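First subunit A sits with subunit B, and in the next complex the same chain sits with subunit C.
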Partner chain A sequence: MEKVAIIGVGFTKYDRNSPLTFAEMVFEATSKAIADAGISKDDVDNVVSASSDFWDGRTISSMAISDASNAFGKDITTVEGDGTFAALYGMMRILSGSFGVTVVCAHHKGTESSMNGITNCAFDPLVERRLGIDAVSSAALQARRYMNKYGLSEEQFALVSVKNHGNAMRNPLSLLPMEITVDDVMNSRKIADPLKLLDCSPVTDGACTLVLAAERFAKKMTTNKKRVWLKGVGHCADAFRLGDRDLADTRALKRAAKRAYAMAGIDDPRKEIDFAEVYDAFSYMEPLWLEGLGICDDGKGCEYLERGYFDYGGKLPVNASGGRLSANPVQSAGLYAMAEATLQLRGKAGKHQVRNAETALVHGINGMCGQSHCVWILGK
Partner chain B sequence: MGKRVGIIGVGQTHHAAKRLDVSGVELIAEAVTRALDDAQLTMGDIDAIVIGNMDHFENINYVDMWATDGLGSCMKPVFKVTTGGTTGTTVGACGYYHVASGLFDVVLAVGWEKNSESDTQAAIATCANPTLERDPFAGAIGPLATEYSMYMKAYGATESDSAMVAARDRNNALNNPYAHSRQAVTVEDVLNSPMLSYPVKFLDMCPRSDGSCAVIFATEEKAKKLCPKPAWVHCSVVRHDYTHFGDLEWKFMPTLERASAAAYKLAGITNPLKEFDVAELYIPCSTCGVKWMDSLWFCEHGGAPKLIRKGTFDMDGQLPINPSGGVISTNPIGATALIRVGEAAWQIMGKAGARQVPNVKKALCTGFGGCSWTDLMILGADLP
Partner chain C sequence: MPSWKDNVDVIVHEGKISVPYSWTVGSTLSRFYCELRDNGKIWGNRCPSCGKVFVPPKIKCIDCYEDLHDWIALPGTGTVETYTVVRYEEPVLHPRKAPFVYAVIKMDGADTGLVHIIGGVDPEQVRVGMRVEAVFEAKREGNILDIKHFRPMK
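Let's look at the complex of A and B:
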C-alpha cells in the first residue's frame, strides 16, 4: 500500500473571543500549513474540511470556508466530527489513487457557540434531550461510573489537571498554562458532580490545517525533516444511548486501537509508543482512554498517573502540549493534536519537546462520552 | 494505486411528504435493510459505514452517532460527511473512497432526511452569509428563479421549455413505486400551476420528502463474488464555486462544466450525449433541467431548449434523463443525490423495473447544492 505523509501543519493561536471570523481563522491556518510544507497552493488538488453546522450556527457551514481553505475549483468535501476523522478521510482519498496532495482543515469558534444547547441536540430528541443533558453532565455520569467501577477518587482525576496544565507552561500556544495543585482542582467551582471547573476543558477558538501527501509527492516536495508518516489508523463506534453502554467500558476504543496498531505493525504499545496526545476534554478521560488504548490494564490508569508514568519526563509522556484541558477547540482539537505530534516527531516542539520521539499516538473522539474513537499512529 | 470499486446493492424507502409510520432512525433502517437484501448480505458483512444529512433540518447533532440503531453501526467504524444539497453524492463518494483506499472491503453509504419534522426553508436560509446575503438569497427558489431568468433572456429559452422538463420527470415517476409525487401532468398543467418566484411555478419545483437511501460499495474481488452484475464506479469528481452568491456566474454552471469535463476525461468520454445510456441528474427545479444541460456538454451554450423540444431526454429519446422521476418527484434532501447514484446503479444492474432503460452500459449521476457545488459520478457495466 502506498504511504501518506503529513508534510505541512498550520494553526492559529488558541484564543478566546477571537476577533477573526471562522473563515479568516481557516485562511490563516491553511496559509501557514501550505507555507510550512514549502509548496504552492496550486500543488493542492483537494480539500477535506471538518465543519459542523451546529457549532457554526449555519447550514452547509463548510461553504463559508471553501475560499479560505483554498478549495476554489478543486475537489472538496466535508466531514462532520473531530479533525482526526477528517484526516482519515484525507488519507483515504490519497490512498484511492485519485489525489496527490490534500488539505485537511478544521475550525472551531467555541466562544460564538452555546455548548449546552449544541451538545444537548446530540441526545435523543424524545427522551434524553428533555432532561437537559449535555456534554458536561453526561461526562459527569461517565466519571462517576468509572469511579464506582474501579474505586477511584476525584483527587486522582485532579492529578491529570495538575499535570496537563503544568505541561502547558512549556507550550506558548496554550490557553491555560497553570501551576496548580490537587487542592486547587478540588476547591474549584463544582460544574456537574463529580466534575469541577478545573476538571473541564475551556471554551476555545482555533483553526488547524494539515497538508497530506502521497509518498511519491511527499518525497519530491519536502525534506526528510518535514515528513511525518501516517502509519496506522482505526476508528470504531459504540451504542448511542448512554444506558446501552457501560460508560467505563472502552470496548469501541479497544477495537479502534487494535486496528491502528495492526496497521502500524505495533505489537506492544507500551514499549513502542514514545508519546501520546489523548482526548482529555475532562480530566477523568485521560486515564480511562489510556486503558482503552492498551497502555495500561483496565482500572489501572490512575495508578500509572500517580507513579508519574504519563508525566512530561515520564516513561510515556501524555499530553505534553497541555492537552485539551489547556485548550479545546472541539472540532479542530484532533487536528491540533496531530499537528502537535508532527512537530514533536520533527523535533521542533520547542520547550515541550519530548526526547527521542519516534512514534506517536493521537486520539480523537466523536459523540458523547466517547461513543466513537479515532486512533492514529504517526511516525518518523 | 487504489482499488476498483463496484456498487453491489441499493435500497431506498418509499418516499412521502410525511412518513408518520416511522421515526428517523426507522426510516434509515428501512433503506439499510433493503440495501442488504438487494445485495443478499447481512450487517456482519459490512466493514464500515458513512452517513450524511443536513443537521439543522431535523435538529439532530452528530447524526452518525444518533443513527446507530438504524445503521447497524454499533461496534463498527462509522463517520459522517455532509455538504448540503450534494450530501447524498458526497456520502456516495465517501463510500467509494473508503473502498478504493484499500482500507475497507464492503462499505455502506446512507443518506436520509425527515423533512416533515423540519422547517427546511428556515434552516437553509442560514447557509447564506448572515450580514450580506441572507435576506436576498434566503431559501432555494429565489436563486434558481434568478438564474433561469438570465438564461431565458440570453438564449431565448421559454417557460414552456422548463415545463416540458417538469412534465417529463413527473410522468417518469409514474413508473417508480418509491417516488413521493406520482401524478400525470401535462405541460399546460405546469404552466398553469401557481407562480412561486418568476419564472418558477409550483409544478416546476421539487417537494420536500421523508426518505432514505443506502448504497453498498465493494472491492473488485468482493463485488465479483457477491454480485452477478455490479455497477462499477468509473470516477467521482467534485467542483465547487465561490463562497458568496454574488460572486457566482449565473448564465451557465461553471462547477458543472468543470466537474463534468474532469470526469469525462477520467472516464474517457468524448461525446457524452452519445456515450451515456442514461442519466440520473440532480434537477431540483425544471429550469435547471434546461440550463444545466449546456454545462454537461450535451450541446453548446443555449442549445438545450432545442434538444428538449426534440425529446432527446425522454424515456424513448437518445439519452433518457431521470427515469426515476428525479428530484422534482422525490426530495429527501440528504438522500436525494444518493438516490441518483442508486438509481443509476440499478439501471446498470438491470434492476430498475418499469423504469428500466434497455441495455445500459454507462450512466451519469450528479448532485447539486451549497454554493452551486457539483458532485458527479460515472458508473459503468464494464470495469473502469
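Let's look at the complex of A and C:
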C-alpha cells in the first residue's frame, strides 16, 4: 500500500473570543500549512474539513469555509467530529487513488456559543437530553465510575492537570500555561463532582490545517526534513447510550489501538512509542485512555503518572504540548495534536521538544465520554 | 509591521437559533413511555440471542444486532453505579436547581444502566452502591421525566 505523509502544518494561536471569524481562522491556518509544505495552492486538489454545525451556528458550515480552505474549483467534504477523523478521511481519499494532495482543516470557535447547550444536544432528544445532561456532567459520571472501579482518588487525577498545565509553560501556543499544585486543583471551584474547574479543559478558539500527500508526490514536493509519515491508524465506536457501556471500560479504544499498532507494525507500544498526545479534555481521561491504548494495564495509569512516567522528561512524555487541559478547540483538538506530533518528529517543537522523537501516538475522540476513538501512529 | 487589523473595532452580532421539531419517538420507545405514562411501570426488552436486557429498551441488541421483541416489566429498583453532584446552574437545560445529582442506575432485572436524577436525599449523602427506587410524577406525559427521580430505598 502506498504511504501517505503530512507535508505541511499550519494553525492559529489558541484564543478566547478571537476577533477572527472561523473562516478567517481557517484561512490563516491553511495558508500557513500550504506555505509550510512549500507548495502552491494549485497543487492541492481537494479539501476535507472537520467542523460542527451546532458550534458554528449554521448548517453545512463547511460551505462557509470553502474559499478560506482553498477549495474553490476543487472538492470539499466534511467530517462532523474531531480532526483526527478528518485526517483519516483525507488519507482514505488519497489511498483511493481519486485524489492527490489533500488539505485537511478543522476549526472551532468554542467561545461564540454555549458549550453546555451544544453538548446537551449531542444526547438523544427522546431520552437523556431532557434530563439536561451535557459533556461536563457525563464526564463526571465517567470519572466517578473509573475511580470506583479501580480505587483511584481525585488527587491522582489532579496530577494530570498539574503536569499538563506545567508542560504548557514551555509551549508559547498554549492558552493556560500554569504552575499549579495538586492542592490548587483540589481547591478549585467544584463543577460536577468529582470534577473541579482545573480538571476541565478551557473553552477555546482555534483552527488547524494539515497538508497530506501520497509518497510519490511527497517525495517530489518536499524535503526529508518536512515529511512525517502516517504509519498506522485505527478507529472504533462504542454504544451511543451511556448506560449501554461500562464507562470505565475502554473496549472501543483497545480495538482502535490494536488496529493502529498492527498497521504501523508495532508489537509492543510500551517500548516503541516515544511520545503521545492523548485526549485529555478532563484530567481523568488521560490515564484512562493510556490504559485503553495499552501503554499500561487497566487501572494502573495513575500509578505510572505518580512515578513521573508520563512527565515531559519521563519515559513516555504524554501531552508535552500542555494537552487539551491547556487549550481545547474541540473539533480541531485532534488535528492540533497531529500538527504538534509533526513538529516534534521534525525536531522543531522548540522549548517543549521531546527527546528521541521517532515514533508518535496521537489520539482523538468523538462523542460523549469517548464513544468513538481514532488512534494514529506517526513516524519519520 | 503593524497591521491594519490591529486598529479595527471588531463588531459582535448577538444571535439565537430557534427551530421547532416534532420528533417521532418510534414504536420501541413509545411503548416504553406509554407504560410509564399509563401504568407507572418501567419496561425493558431482551435480546433473544444473548439474553441481555436493555432499559431504556432498544431497537436492536448492540452486540447481536437482533430484534428485541421480548418485553419485560422491571421492578423499578436499582443500584447507583456512578453519580455526580452538579454544582453549576443551567436554568434552561436542567430540570432542577443545582446542587442536584445525576446517576447511572443499574436497574434490577436489566443489564444496562439508566441515566437519571437522584432526589429525595441530600446530594452529599449519595453513594455508589446505594439502592434506589423510581418515584413517578402524578401527572405523566410520556417522556423520561415521568420518572420524577430515583430515591434511596427505605
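By our rule, the second predicted complex is superposed on the first by the 380 of 380 C-alpha atoms of A that agree within 3 Å, B and C clash if a C-alpha of one lies under 4 Å from a C-alpha of the other, contacts with A are read in each partner's own complex, and residues count from 1 in each chain.
Throughout what follows, a contact is a pair of C-beta atoms (placed from the backbone, for glycine too) under 8 Å apart; a residue touches a chain by one contact, two chains touch by 3 or more.
No experiment lies behind these values; they were computed from the predicted model shown.
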| item | value |
| --- | --- |
| Contacts of A:Ala50 with subunit B and subunit C, given as first, second, both or neither | neither |
| Touched partner set for A:Leu141, first subunit B, second subunit C, both or neither | second |
| First (subunit B), second (subunit C), both or neither touched by A:Arg93 | first |
| Which superposed partner A:Leu247 touches (first subunit B, second subunit C, both, neither) | second |
| First (subunit B), second (subunit C), both or neither touched by A:Glu80 | first |
| Partner chain(s) touched by A:Pro125 [first = subunit B, second = subunit C, both, neither] | both |
| Touching partner for A:Ala239 - first (subunit B), second (subunit C), both, neither | both |
| Contacts of A:Ile133 with subunit B and subunit C, given as first, second, both or neither | second |
| Subunit B and subunit C footprints on subunit A, overlapping residues | 57, 125, 239 |
| Residue ranges of subunit A touching subunit B (in the complex, touch as defined) | 1-2, 23, 52-54, 57-60, 62-68, 71-81, 85, 88-89, 91-98, 118-119, 121-122, 124-125, 234-240, 251-252, 255-256, 259, 366-368, 371-372 |
| Of all residues in subunit C, those that touch subunit A in their complex | 5, 8, 10, 15, 17, 21, 23, 25-26, 29, 54-56, 58, 62, 81-88, 90, 92-95, 102-104, 112-117, 128, 143-145 |
| Contacting residues of subunit A [partner subunit C, same complex] | 19, 57, 116-117, 120, 125-128, 130-134, 136-137, 140-145, 148, 189-195, 239, 241-244, 247 |
| Residues of subunit B that touch subunit A when the two form their complex | 1-3, 54-56, 59-69, 73-84, 90, 93-94, 96-98, 100-103, 123-127, 129-130, 236-243, 258, 369-371, 373 |
